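One structure, as structure tokens, below. Some questions next.
Naming follows writing order (A, B, C, D, E and F), and every chain is counted from residue 1.
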């Protein structure tokens, strides 16, 4: 159903296999989700995307669960079905509770509503908000 | 520059003034930002939006700073200039560090990139992600 | 400030001038707004866009004011500053009251909120909604 | 297929059941569509969303059919599959004719086209459009 | 699954049939894809959309393959499932190689990422970029 | 006007300065545009973004001008003012003619229109388009 076939382990060339191996090692699971199997048609794009994602989503000044919730928020705003599913699953795997998920949804809904109101009204930015 | 004039305190009718008073009391500041002054043309819309926002953005299962960062993420995805400015200012007022802001930006960028790749490739949702 | 200069009446070639004349005659005003002056760099694009817009926005099964409000709704969702301003001005010129504008904004806000909730939750379409 | 299971009547707690009862009474039908069954995981979010929607979509300065068409327009711009289906069904239930639907689609298409042209060209807002 | 039924050849009225005939003649195939069969509920919208598309996507200063790739880029940004599928198929039919597709995806991903960063940061336009 | 100050050459730390030097060397100009000066608040994000952009936008299976036009298309769909300006300037610097720009705009407009029609109609993907 994708615009490309999904690359199985058997079809993976060595460059793709190396990325799949690193995904497995990093995540501690044998499972490779469809996003990576679709990207694998272009090994350079697969590798660049995975290596950047690994850095960005790791622990840092923000914890990984907070990052997953931010990812869900962007994905909802962009109407990305796959991304909503995959990152909600990731957030739950990292401990997101139902109460947190409910509040995340409420903030996404609120922000979307005021974004649209501002876009319709074209509210000028207050001077005090400018850096 | 908005599609409506901004309602000053002097122009506010009693219903608007009551909302402005509650914004001031809730936030502990005399400042009312332009969004509320634009919405004030429709007192019912102003009141409903503010009362919901007050609930949604308060403390709960997620802390207020996390909520502001989620708000920024949605606003960036929706290309909302005013919202990016106002919620970045709010996040900083609630303690967002430059390191946290940098990571927030990195997650927003990463999510936007993979959202677009998924949209182009139309990757099917993995069975394991379905609730 | 556009990516192209705006074509003045003096700079307009005969094909552009013919479109400008038709805009003036159709609208009963001498004023040509910047959108058409920017598009005029490509006379064929200008002509095709104007001729289609004239048909689409005219009277029909929906009245012109309803069409302007629908236009504002799409423009708000697409975060189009120019379009929000120009079509709000058009809607007012066609009689939109402040009460109607307030309700239009409320619907735009509501729809944006539930669109985002649905995108986050990926709610499956009920069978009864399918044509 | 949603990121949450859909709450059946049997699974509904009293707070959810009260909202479901109000939806049924307001709409004069026993049918509860999936959106509300998904939101029901967070009873407070369900209640706040429904109570606001009931006010916003009711009769007022704009009639309910016009509001449904505006809702469709926003939903199309936001690429919301569920919302396009559910609000097109609602609009038809409120009397939208095929001729009206055709014109609605034409306006949505026209607005989306000119929104994108304006975004590419970054046309500056005419002074006369500013409130 | 559309909000309308798809118009078969047997159901097509003469105006619709004329457009279907022109699509077949222009493309050198008997196949009419679902988009046109859905639009056919409004023959005037069908005709206007097809006649414009035929002009826009033909050969000119840009070759048809480049135009298809631009179409894919817009469709990905707008999260349009149908459009991603149909225009990727068209691009391949016009000779898009897997290497070109990979680079197209990489540019779409890069642009989406920097668009979002700019939206979050609200970077002011450099003077030298203004026309 | 950004949410951060723009980092001047004098304020740049060695990591930032190294990226600025590479931008100058790669582009053969002393000019550093505001996007990089805003990103420079987070040297790691600056470096990762620039290094990826340099690879993605270089010559390959698609020529750099085609890539810039694809970038403009995504940026228009995402309503990114800065990106529309900067990449239109880049495309012109790489030889985009006015005729090519006009056709690019026409394709962006066409795609945006049909994307929205498809989103409203929820047209099912034809079997033949599936990979």
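Please note the rule applied: contacts are C-beta pairs under 8 Å (C-beta built on N, C-alpha and C of every residue); 3 or more make two chains touch, one makes a residue touch a chain.
Since the model is a prediction, treat every value here as computed from it, not as a measurement.
Chains making contact with chain C as well as with chain D: A, B, E, F.
At the chain D-chain E interface, residue numbers used by both copies make up under half of all numbers present, so the two copies contact each other through mostly different positions. Put simply, the C-alpha centre of chain A and that of chain B have 21 angstrom between them. Between chain C and chain F, the centres computed from C-alpha atoms are 26 Å apart. Residue positions of chain A touching 2 or more other chains, listed in rising order: 1-4, 48-49, 52, 73-81, 84-85, 88-89, 102, 104-106, 108-117, 119-122, 130. Shown here, the protein chains touch in all possible pairs.
Chain contact summary for the complex, chain D toward chain E: residues 79, 84-85, 88-89, 98, 101-102, 105-106, 109, 116.
Residues 72-73, 75-81, 84-85, 88, 104-105, 108-117, 119-122 of chain D are the ones that touch chain F when the two sit in their complex.
Residue ranges of chain F in contact with chain A, taken from their complex: 1-5, 48, 52, 55, 125, 130-131. Across the complex, chain C meets chain F through its residues 3, 41-42, 44-45, 48-49, 74, 78-80. Per the touch definition, chain D reaches chain C in the complex via residues 1-4, 31, 33-35, 38-39, 49, 52-53, 56-57, 60-62, 66-67, 69-71, 73-78, 80-83, 85-89, 97, 99-100, 102-104, 106-126, 128-130.
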